[in-house]
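Next, two complexes with subunit A in common: one pairs it with subunit B, the other with subunit C.
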Partner chain A sequence: MSVLAKPRKSLTLARQEVRDGLWLLAPSMLVILIITVLPIIFTLVLSFFDTPLSNPVPRDFVGFGNYLEFLNSQQFWQAIWRTLYFTLVSVGMELMLGLGIALLIHARPPGWNFLRTSLIIPWAVPTVVNGAMWRWIYNADYGALNGVLLSLGIIEKYQAWMIDPIVAMNLVIVADIWHSVPFIAIILQAALAGIPVELEEAAAVDGANAFQRFLLIRLPLLQPAILVALVVRTVEAFRVFDIIYVITSGGPAFGTVTISYLTYLESFTYGHLGSGSALSFLISAFTLVMALVYIKILYRPENRA
Partner chain B sequence: MKKKTPVQTMRNLVLMALVLFFVYAPITWLVLSSISTRAELLNVPPSFIPKEPTLKNYLDILVPGRAASEVASTFKVALGNSLLVATTTTLICLLVGVLAAYALARLRLPFKNKLLMSILSVRMIPEISLVIPLYIVAAKLALLNKPAVLIITYLSFALPFSIWMITTFFEAVPMELEDAARIDGCSRLRTLFNVILPVATPGIVSTGLFIFLLAWDEFFFALIFTSTLAAKTAPVAIAEFTGRYAVDITAMMAAGVLAALPPVLLALIFQRYIVSGLSAGAVKG
Partner chain C sequence: MKRIHGVLSVLLVAIFLIGAAGCASQPQADGPKTLRVLAMQQAGPTPEEMNAIVAKFNAANPNVTVEIEYVSYDALHDKIATAMSTTPPAYDIVLVDDIWYAEFAANEYLLDVTDRLDDNMKSNIFDSAWAITTVNGKTYGMPWLLDAKYFYYNETILKEAGFDAPPTTWEELVAMGQAIKEKGLVEYPIAWSWAQAEAAICDFVTLLEGNGGKLVDEAGKPIFNNELGVKTLQWMVDSVESGVSNPASITYVEEDVRNVFSQGKAAFASNWLYMYELAALNAEESQVTGQVKMALMPVFEAGKAAGVQSATINGSMGFSVVGKSANPDAAWEFVKFLTSEEIQKEYAAHLLPVWANNYEGEALTALTALNPATPVTVPIFKEQIPFSRVRPKVPYYSEGSKALQLALQEALTGQKTAQQALDDAAAVWVELGAK
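Then we have the complex of A and B:
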């Protein structure tokens, strides 16, 4: 009897645990369902309709019309290229500089603690303040960049930096680097601190030089942290909007319009919610692919902290 | 490890000076601009160190009844809105997030891993992917230009973040503590609030800090959902004023410093939590 009763009892206990769990999870799941899951589905539906901002109800079914429209438009492909350029250059630079700074802190030069604390500041400055600050630095008539370069004799007269789209894009990237390098440096520095000293000492005893130790010991052990930083930053860079809005407003002549910015313009400036939805659904799709990559990295058994 | 040669130390110090210059030069210019008089700021080339430093721009914003310019009066309201929205978002996320995180960290649920992964994916969804339906619904419910719409929509990124991070911290609390409480007959909720939460306090503080910073930093939803002076948050007010040419730049820079001060101070004071939080959750970029 008791043998039979036992599993039944644990079954009800398990069932009660699931029931408790559902109650505890219910508020969160409800919120996520209403403000994230349903809107994404609604976005997908909207993307198949012609929907004006002035009267936002899905009206004329256009099938894949909205998608085809921008797949055939030069504006869309230019925005994609700009987004890829921004993502590649900013994330690439941030990773290199971040790794460099992490290694520098790890070498414990006098004052390393002050450097580590200082890095928190750019990270914590709100994105919009960061943008406003750099916009003022780049100002054509009174900005600090012109002032410094003129004082050093590098330029002969003040330059209007923001009239060339390539220069404008690169200057936006500089502002983004200022904000984001600390994030990568802090993560990598923490990961470096977790590497056992004995490993490197043993390698040094075996005659490995500093570069070999970096390449063969540190880099492989840092790989999970680097991948996490890479994915998080790539997702963020791909959706870049705020800093561009503040520094260039997409100008000059649409020269810094990225895919998020195009979606914003399409939806809220031109009032085409249908094609805006199609664009934003593409961004979601890209993000979900990146999220899968991220999960794969986090859930590899050796990376579970 | 081997002792560093003087040359290596020298090289490290030079590199460090370069990094520190890159970190501090822009902020220094921001702060200097905010305490300069307008006339002095428009010197060509700039004098950098103001000869007559002034706190006028700050006082205009902060002291009641002194708001001389549009920037100053708008910005005072905007700072208040930011504070209201960020604080409320943080409190809601912590409360709701703690419940969910407890279930995910402690209960044996068959769907747990799938759920955690979905929450992680949801956290990465960009605001722009949600904004159109949210805008349509908010307009229908007459919620535009109300703080509530920002608090509700901010949950879309802050809540998954909160659940994920608190779950990580709860998993680190020793199971024995909880078993003891359960055997003593504590209900789940009492166990959570009386046993687990006190132990996990540093993690909760860290999570709350990150959510506050995320909400304070948020720009896109605030830009779309608010258009009246009374409803704007600090980032929207700053973005709007920088876009205008005839704007009072010294007042703007003071506004920027004031908007940056709360997150920067919080991050510096709770530095330890930030570093551990970044490594644990690896989230806000």
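Then we have the complex of A and C:
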């Protein structure tokens, strides 16, 4: 500190540059501090207190009480399993479908340009609108799903789809897949376009069939793009809230209450901001672990494109 | 250290500037004011009617801009609770459900208006309406929507099935429903709002009270898991299994019930008063106009034997001024205007007045003849409202209700027996009450 307090003329040029640089950075640092760092620290502090939503100041210190309460509750672990199921199935399906669509576009069949453009539409639909749309599609008395299945002769009469917790969860996943496949498809299609044609041609000359070329050339080269898509989508899927809020509101019988939905209930419906904050940090911990696992598995130095 | 002080001072100045900017946007005492209102788009006047009311208010108060935001009932509580944690709050006036007044009063969200009420209001508004907005002797708002669930039936379907009168007991309804089903008139005779939402509690209380039961005893202890509660829930489960109740009821709230009933896909429905005009008279909204009738809410045979003539849920709401509002006086003026006798009479198509003096003598004749809906809605309102039952006014109601919603859904989806599900919910209520 004493160095900084010295008269200005004694500063070297390099030091002056550092100092000027700091001043130039200060406004953006300030913004980040106020809108990101402070709220996170505040939430962390809240999570150690019994804080009501009506008066969100830390009052009664409970230590790790809020965390332990959840780690010992059945509801929390059920929500975690549901969330993991949602994440695994939706991201898994999205990756497979997305890769398929990307390969299809890459093969440039007639109309591929139209396909690529129309792919944006589901992605461009806001999640809440998407949820409201699927809620109508799934409606038991006037939904399009029933209409289509009935006219195809698959069902004999209209079915109430959303009354079974497991069916409801899977139908929410379908809605999420429809919405998010384009994201993965577009990323992978862009990555495919960047793979040099020569590699595949050389492999073909060496006698590799189409499947081998896909498995041994395209897939390894796609790995960095797949990693990006997976990390982004997994983190998103793990925090899923809006689509569930709109389609099922967590029903039937809490069958679609994911961990973010539980956080919402805890913080805003029940007004326990302290335990809600603790849940948020637990979610962050889970997502961090998942991201680290991905990076460990997929992000190896030799994969750097 | 000097540098750190420098950085800190910059930070502080920035924070003050942001704070000052926030303050500067607040209106002056006599200058133009903006009142932000949070209301609900379901039951009560339509947004068009609300806009007309605002226009009338503006004629007398040109300085005040009223911005109304509408959300669904199920988003209303959480939106209010979230908005209240900031200063100034995001809304000046909020629509509050009967069951939230205890919680909001305990959290000091609402302006205490006990001393602002005049004698005309006190003597001419129903006592049962004041009970909605009053907690522990203090009044926190103006009653606005005095509502209950009513029993609706499709007269044409009933006649085709050979019935001249609506059922008076739920057992009769099941028998009539079976006949309607057998004749192939509709697939599922009755639609309910049994989704995992407050709507399910409303229907459960209606049925439970019709069986002679209650949610809590006089000491506030949960008794919905007693024999009557279990029998009532079991009846709900059985009615879905037999196909008398629409199985999709487990995913439906009131608006879904209205849609199904308005499409002629149900012979019976339980819904708030607003459905009458929309289903019976409004051809744009309904395919069954001219076929819709209302009747007193049925009860169970056991309830009838115990002297219960009819029972339904009281679902009333009030408009309240937010305690931290920057313009409490202007906000209170608007709330008074919204709930004034004159406005309530004029917009009585979807919402009947809370003013008791409108239901006597000549005023009653005038109210009944007010619009095409009132000849039906006013008499049934007078008849049904005395049988409406309120839910417990406890600060932990939102959380307790969620536990009970879960119990109903667990039984309806076959995950737990009715007894087990209700016992588990009762345990949560006991725990919440002890906190």
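Throughout what follows, the second predicted complex is superposed on the first by the 262 of 305 C-alpha atoms of A that agree within 3 Å, B and C clash if a C-alpha of one lies under 4 Å from a C-alpha of the other, contacts with A are read in each partner's own complex, and residues count from 1 in each chain.
Throughout what follows, contacts are C-beta pairs under 8 Å (C-beta built on N, C-alpha and C of every residue); 3 or more make two chains touch, one makes a residue touch a chain.
In this text the structure is predicted, and so the values were computed from the model without any measurement.
Visitor: On subunit A, do subunit B and subunit C fit together or clash when superposed?
Guide: On the superposed model, which is not a single observed complex, subunit B and subunit C clash.
Visitor: Give one of first, second, both or neither to describe whether A:L46 is in contact with subunit B, with subunit C, with both, or with none.
Guide: So A:L46 only meets subunit B here.
Visitor: When the two structures are overlaid on chain A, which partner does A:P56 contact: first (subunit B), second (subunit C), both, or neither?
Guide: Touch status of A:P56: both partners.
Visitor: According to the stated criteria, A:S249 is in contact with first (subunit B), second (subunit C), both, or neither; which is it?
Guide: So A:S249 meets both subunit B and subunit C here.
Visitor: Of the two partner chains, subunit B (first) and subunit C (second), which one does A:A140 touch, if any: first, second, both, or neither?
Guide: Only subunit C; A:A140 stays clear of subunit B.
Visitor: Which of the two partners, first being subunit B and second being subunit C, lies in contact with A:V289: first, second, both, or neither?
Guide: Neither subunit B nor subunit C is touched by A:V289.
Visitor: Considering only touches as defined above, state whether A:Y158 meets subunit B (first), subunit C (second), both or neither.
Guide: both
Visitor: Who wins on subunit A residues touched, subunit B or subunit C?
Guide: B
Visitor: For A:T117, select first, second, both or neither according to whether it touches subunit B, subunit C, the two together, or no partner.
Guide: In the superposition, A:T117 touches subunit B alone.
Visitor: With both complexes superposed on chain A, which partner does A:L219 reach: first (subunit B), second (subunit C), both or neither?
Guide: Neither partner.
Visitor: One more residue to check, A:L265. First (subunit B), second (subunit C), both or neither?
Guide: So A:L265 only meets subunit C here.
Visitor: Considering each complex separately, which residues of subunit A are in contact with subunit B in the first and with subunit C in the second?
Guide: Shared contact residues on subunit A: 56, 141-142, 158, 249, 264, 268, 273.
Visitor: Spell out the residues on subunit A that touch subunit B in their complex, using ranges where they run on.
Guide: Listed in rising order, the residues of subunit A that touch subunit B are 14, 17-18, 20-21, 24-25, 27-29, 31-32, 35-40, 42-43, 46, 56, 100-101, 104, 107, 109-112, 115, 117-129, 131-137, 141-142, 144, 146-147, 150-151, 158, 178, 180, 182-183, 186-187, 190-191, 197, 200-201, 204, 225, 228-229, 232-233, 235-236, 239, 241-242, 245-246, 249, 260, 263-264, 267-268, 273, 276-277, 280-281, 283-284, 287-288, 290-292, 294-295, 298-299, 305.
Visitor: What residues on subunit C touch subunit A, complex-wise?
Guide: It comes out as residues 1-4, 7, 10-11, 14, 74, 77-78, 81-82, 84-85, 103, 106-109, 187, 191, 195-197, 246-248, 250-251, 256, 259-260, 263, 265, 398-399, 402, 406, 409-410, 412-413, 415.
Visitor: Mind pulling up the subunit B residues that touch subunit A in the complex?
Guide: 1-2, 4, 8-9, 12-13, 15-16, 19-20, 22-24, 26-27, 29-30, 33, 41-46, 48, 96-97, 99-100, 102-104, 107-110, 115, 117, 119-122, 124-126, 128-136, 139, 152-153, 155-156, 159-160, 163, 188, 213, 216-217, 219-220, 223-224, 234-236, 238-239, 242-243, 249, 252-253, 256, 259-260, 263-264, 266-268, 271, 274-276, 278-280, 282-285
Visitor: What residues on subunit A touch subunit C, complex-wise?
Guide: 1, 4-5, 26, 30, 34, 52-56, 139-142, 157-158, 160, 162-165, 168, 248-255, 264-265, 268-271, 273
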